[in-house]
Amino acid sequence: MLLKEKIPFHYTFGKIKYEVMGVLAYSILVWIMYHNFHFVRIAIPLSVPAMLGTVISLLLGFRSNQAYDRWWEARHIWGAVVNDSRTVARQMLCFLDKEYKDEAIEQFRNRFVNRQIAWTYSLGQHLRGRNALQGLEKWLDKSDMDYLAGYTNKPAAMLNLHARDITIAMREGWLNRYQQVELDRTLSRLCDSQGKAERIKNTVFPSTYSLYIHFSLLLFIGLLPFGLIDFFGWAEILVVTAISACFLLIEKMAIHLQDPFDNKPTDTPVTTIAGNIERDLKQMIREPLMADVTMAIREKETFFVM
Amino acid sequence: MLLKEKIPFHYTFGKIKYEVMGVLAYSILVWIMYHNFHFVRIAIPLSVPAMLGTVISLLLGFRSNQAYDRWWEARHIWGAVVNDSRTVARQMLCFLDKEYKDEAIEQFRNRFVNRQIAWTYSLGQHLRGRNALQGLEKWLDKSDMDYLAGYTNKPAAMLNLHARDITIAMREGWLNRYQQVELDRTLSRLCDSQGKAERIKNTVFPSTYSLYIHFSLLLFIGLLPFGLIDFFGWAEILVVTAISACFLLIEKMAIHLQDPFDNKPTDTPVTTIAGNIERDLKQMIREPLMADVTMAIREKETFFVM
Amino acid sequence: MLLKEKIPFHYTFGKIKYEVMGVLAYSILVWIMYHNFHFVRIAIPLSVPAMLGTVISLLLGFRSNQAYDRWWEARHIWGAVVNDSRTVARQMLCFLDKEYKDEAIEQFRNRFVNRQIAWTYSLGQHLRGRNALQGLEKWLDKSDMDYLAGYTNKPAAMLNLHARDITIAMREGWLNRYQQVELDRTLSRLCDSQGKAERIKNTVFPSTYSLYIHFSLLLFIGLLPFGLIDFFGWAEILVVTAISACFLLIEKMAIHLQDPFDNKPTDTPVTTIAGNIERDLKQMIREPLMADVTMAIREKETFFVM
Amino acid sequence: MLLKEKIPFHYTFGKIKYEVMGVLAYSILVWIMYHNFHFVRIAIPLSVPAMLGTVISLLLGFRSNQAYDRWWEARHIWGAVVNDSRTVARQMLCFLDKEYKDEAIEQFRNRFVNRQIAWTYSLGQHLRGRNALQGLEKWLDKSDMDYLAGYTNKPAAMLNLHARDITIAMREGWLNRYQQVELDRTLSRLCDSQGKAERIKNTVFPSTYSLYIHFSLLLFIGLLPFGLIDFFGWAEILVVTAISACFLLIEKMAIHLQDPFDNKPTDTPVTTIAGNIERDLKQMIREPLMADVTMAIREKETFFVM
Amino acid sequence: MLLKEKIPFHYTFGKIKYEVMGVLAYSILVWIMYHNFHFVRIAIPLSVPAMLGTVISLLLGFRSNQAYDRWWEARHIWGAVVNDSRTVARQMLCFLDKEYKDEAIEQFRNRFVNRQIAWTYSLGQHLRGRNALQGLEKWLDKSDMDYLAGYTNKPAAMLNLHARDITIAMREGWLNRYQQVELDRTLSRLCDSQGKAERIKNTVFPSTYSLYIHFSLLLFIGLLPFGLIDFFGWAEILVVTAISACFLLIEKMAIHLQDPFDNKPTDTPVTTIAGNIERDLKQMIREPLMADVTMAIREKETFFVM
């Protein structure tokens, strides 16, 4: 669940390149008009943009807060995916733990745990809008792959496969009735986590909200040069650009945080987390990592991240 | 759970058309009085409206926050409806999964899952204040429709039908005692989601709160032209209108977000979500979509959305 | 769970009548002193009250937020009462659903469901500090009424009666052991809701907090006329009164929201909600509404509301 | 769960007596220097302290919010203690409810319920840092008292006694296996509530946070007289003192709310709540109140409260 | 869960030593330029930095809030670790409580409780990035230590050992099926707490957010001297340094709070809490404390704390 700690400077400011260039052009234009035509009335008291600035910073503050909450909720959800993946694997291991070693149970359990690993990778790809089945044949067998082909929502269908396996295990006498219900509850929690992640993915942050704040911000930037020109002269260009950049950066940051499953570098690192789940679960069933596949996917991840 | 990402400009600003026209007329009037009668004392220091502006933007900030929380809670609730619909269908599929194929169980299960689909459509219509039974005969059989006619709260009555079916299944020996209790718990969660959605629908946002903020906003807009007229002359008209529009838009947005089940374009997309649930559940019981009915309802939805 | 949407103007402003009249008198006094004695030093720069105004609006913002949260939590709790009342009735209906019709079970169940209706009415009256047993004899039989007389906390004692009935039902073989425990859990949730509502009712909002904010507000209103007198002359009286009214209204609104079980028009509509629960539960056990009693209580409610 | 509604004036302001006297002395000193030595440069523009004032009021706002949240969480926790005490007593009454009257069960149950009452008193004293066993011999028998002597954390040890009793009851056949697990869950919730209360008690509010805000506040008060001296002359002394008192009161209030188990008048009223629990539980097992003991403890409580 | 209440002054301000020295140098430079070269145009109106100051204090306020929430959530999680450790030990004690004294059960239980103690120490070291197995041989036997060596995530593997032991106990007939499931649920909660703590540890606070606020703060400090130089002359150096120190301290405090498992003095006191858990659990199984080991670890903790 690691995020690149050092985001390069050019990346950070590259995001608002065009906006800043626009502001620069605009403030130069204002200065030229002021300098050449000596419109005395062009200057306005600074308290007009200052008032707007306070309003906008308040609204940006609340909005950043809400965007942050969405982002943090997404991390919560992926944290729950990690916990419940470990839990379901632990329950599979111990509920099925017979005194004598049983080949069929062993196979059954490994198949289940591998499907759980596949589910986490699949959910990540599903949320990012990519093919949710791609590369999963390493963890899933042929019959599972065929079953999944008939479903639109692949991860949800995998949970149905989990549930079917649990039913089989109970019928075979490997699980008792309490254990079946308990495992089903863990599946319900996994299903909840998926639904919550889909909700964040599919619910657009209220666009009118963003629009109104953006509109107010433009009005503020539009008035700013007229408020500063009297005191700063040509330096107005620098100050206007710097102040506007502050506001634009805060706005942009909120936009980034509010969509945490959107194939952007500041995304929830779903593939990395899935990789950690794979490592822990593989150690539990004492199987080696599907190293190359994971690597391949990780590389793509890196591609996205950079 | 998709919202139209692009809300057309005329729609956004259409919402505050009348208010903005009123502000325009008022600020023109102030300018005419100032220009023709040369009331010197008509101008006031800008810091009076500025102080009010800060107060109002704070209150609007908190209020937007609360409206946003209501809206986001509504999405949470519909997310839970999705999750628990999937869960109840999965439990029906697997708890009833017999080794031998049993026609009676098959019919029973499909009937149950179809009723769950009907419940989600019905709840959406119930929350929007429309006829909660309309168009449901495709998923419900005659006896269910008759039973429901006797109840005021249709979706709540459907959950009772679910519960009755579960009792029948236990009596038949298709479910064991733990599974019955577990399914009943899922019903309790569905019942909770319904109750929560009804709470948001029926609890008016404290109207005194809205009223006081609106009153303060009018006072602010009323004082604003007098604070700006000295510096801007006729340009005061533009600046007053633009600043007022910012505040009015933010207020309007909060009003829209605070009632998320109200037949407005920024509503929770209950029918679309119900459509997704239908798709997933139909795939689970391997039945085709009730395409035309869904389409018909969807069109009405679109009508509302546009 | 409906609140009167239109609160009449005179009601809204009636709340701050005396405060506004005091402010009016005070600002007239200041103007008379300024006008007659020409104390030049009486005027102070507006930024002194402006600074205080910002501080107070911040504190009022946070405080309104906390008051709103209390109010909203109260609604949450009553929402849970609705949900769990429906749930307990559904469980009674279905857990006791025998193949053959059994008179004793029928009676037992209706008695239980009626007691649940009585509990919701009783809890509402208990929270409003009225006699929690008044008018309940329509839903409760004589022995229950006698039992309850011995208890200080009537609604809590009713839950004990519920629990005793559940034990009887298990002893009779009408409920199995899982169902007993599941019903007991629903009782625990009802007990939780009651305890939460009592907590909100009995926990005074920190009075020092209110006091300090009120003290700051008085200081602000006290300084305001001196800051405005220079610019506005006699108009100062109007502006001071209007601005003070804004602040006082916001403060008053927070005071109203913070005590949601206090016999005030902006209260949680406990009797109306209990009426809805009665309607839904009576339809479930196919009994007619106890119409006249309900009406009587509702009228009293209306009396309070208006 | 009642708090004295009227906190006397001298108490409220007594809290900041020394700070206010310090500010008074300081502002008099500034005035004397200004008056006698005519340092013209001593005055600074008001916007310097005004800017600091805005910053500090924001930080104080957030901080009050966090302190309020701690205080409210403490109330939540004690509310849960009330609810779960009622629940555990109800479960004891009904799960053990045999058809024939059994002396041994009766004794067992009363012993358990009395221990639950003792637990609530004990937890309150434990949180306030007093002897957690003092005065409990009225509700606990000799063997319990001896057992508890060996433990550092008395309330936690009482829950172990509860658990031991439940095991005995199951071994005797008074409880079935589901009921044992259900009662154990209620114990887990009581254990959670205790742990949460201990967390709030033992986790100091981040002291660097408080320190930085206090430091900023001193800087603000230090600059304030220089900003006001020009306009107010000797009246500066009054205005500086009043404004500083506002800020100091808000700061002090946050400090009081943030430690809700600290033997202060604004504390969570743990003993009063325990008294209510005793009343309800005693009525349930039809035993008289341990009146004098309770009174004695209540008096001490009053002593603390005043 | 105790934090040093008195953080020494030099520690608090030592954190921003270099920043403050930088600001000092910068403001001296500005004063020298102003004094020697008499750039009249160097002074700007104070409202420019004042506006930035308001914006930044808002953003810092929100950000402190979020950092505080992370810190408080970390405490919540460690509180849950305490509660569930007590719960799992209580369940072990009572679920396994046979009438006759059984040596095997006794050994089994002590082994389990000791492993639980080891788990809390191990989790603390794991979160701080240290060797999660170091010093655990006092509580774990040889076979456990060998098992753990094969796992990357030691605490997660210990929970698997717990689960294996529970399975053994059920197979031996020491636990019934409900008790097994109930204990498994407690393990799931412990697993959740671990996952949540890992999430906070591994999720970097959005670095773009921090960066943008830091950038705005530098801009503000850069403009501040120019806004104050006209009024204060050389005193500008002091005022600029003091105001900047306020802002820098608030920013630094947020940075400290946001990473609560980071080997810093303001950290969550994981080892101290683990020590308390050890004391309570050892008293429950009536074993003496592993005093010297604990002390050793505590000393290291102190080392870190100071």
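Per-chain residue numbering starts at 1, and chain names A, B, C, D and E are given in the order in which the chains are listed.
Everything that follows uses one rule, which is that contacts are C-beta pairs under 8 Å (C-beta built on N, C-alpha and C of every residue); 3 or more make two chains touch, one makes a residue touch a chain.
Molecules present, by chain and UniProt name: A, B, C, D, E = Bestrophin family ion channel.
All of these numbers come straight from a predicted model, not from anything done at the bench.
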Between chain B (Bestrophin family ion channel) and its twin chain C (Bestrophin family ion channel), rotation from the CA superposition, multiple of 5 degrees: 70
Centre-of-Cα separation between chain B (Bestrophin family ion channel) and chain A (Bestrophin family ion channel), whole angstrom: 24
Between chain D (Bestrophin family ion channel) and chain A (Bestrophin family ion channel), distance of the C-alpha-averaged centres to the nearest whole Å: 39
Shared-contact residues (touching 2 or more other chains) in chain B (Bestrophin family ion channel): 47, 50, 54, 58, 61, 65, 178
Chains listed in ring sequence, where chain A (Bestrophin family ion channel) comes first and chain B (Bestrophin family ion channel) follows it: A, B, C, D, E
Interfacial residue positions of chain E (Bestrophin family ion channel) with respect to chain D (Bestrophin family ion channel) in the complex: 1-3, 5-7, 12, 46-47, 49-50, 53-54, 57-58, 60-61, 64-65, 68, 71, 75-76, 78-80, 82-83, 86-87, 90-91, 93-95, 97, 99, 176, 178-179, 182, 186, 228, 231-233, 239, 242-243, 246-247, 249-250, 253, 256-257, 266, 279-280, 283-284
Touch list for chain B (Bestrophin family ion channel) against partner chain C (Bestrophin family ion channel), complex: 41, 44-45, 47-48, 50-52, 54-55, 58-59, 61-62, 65-66, 150-153, 156-157, 159-160, 163-164, 166-167, 171, 177-178, 180-181, 184-185, 187-188, 191-192, 194-196, 198-199, 202-204, 206-209, 211-212, 215-216, 219, 223
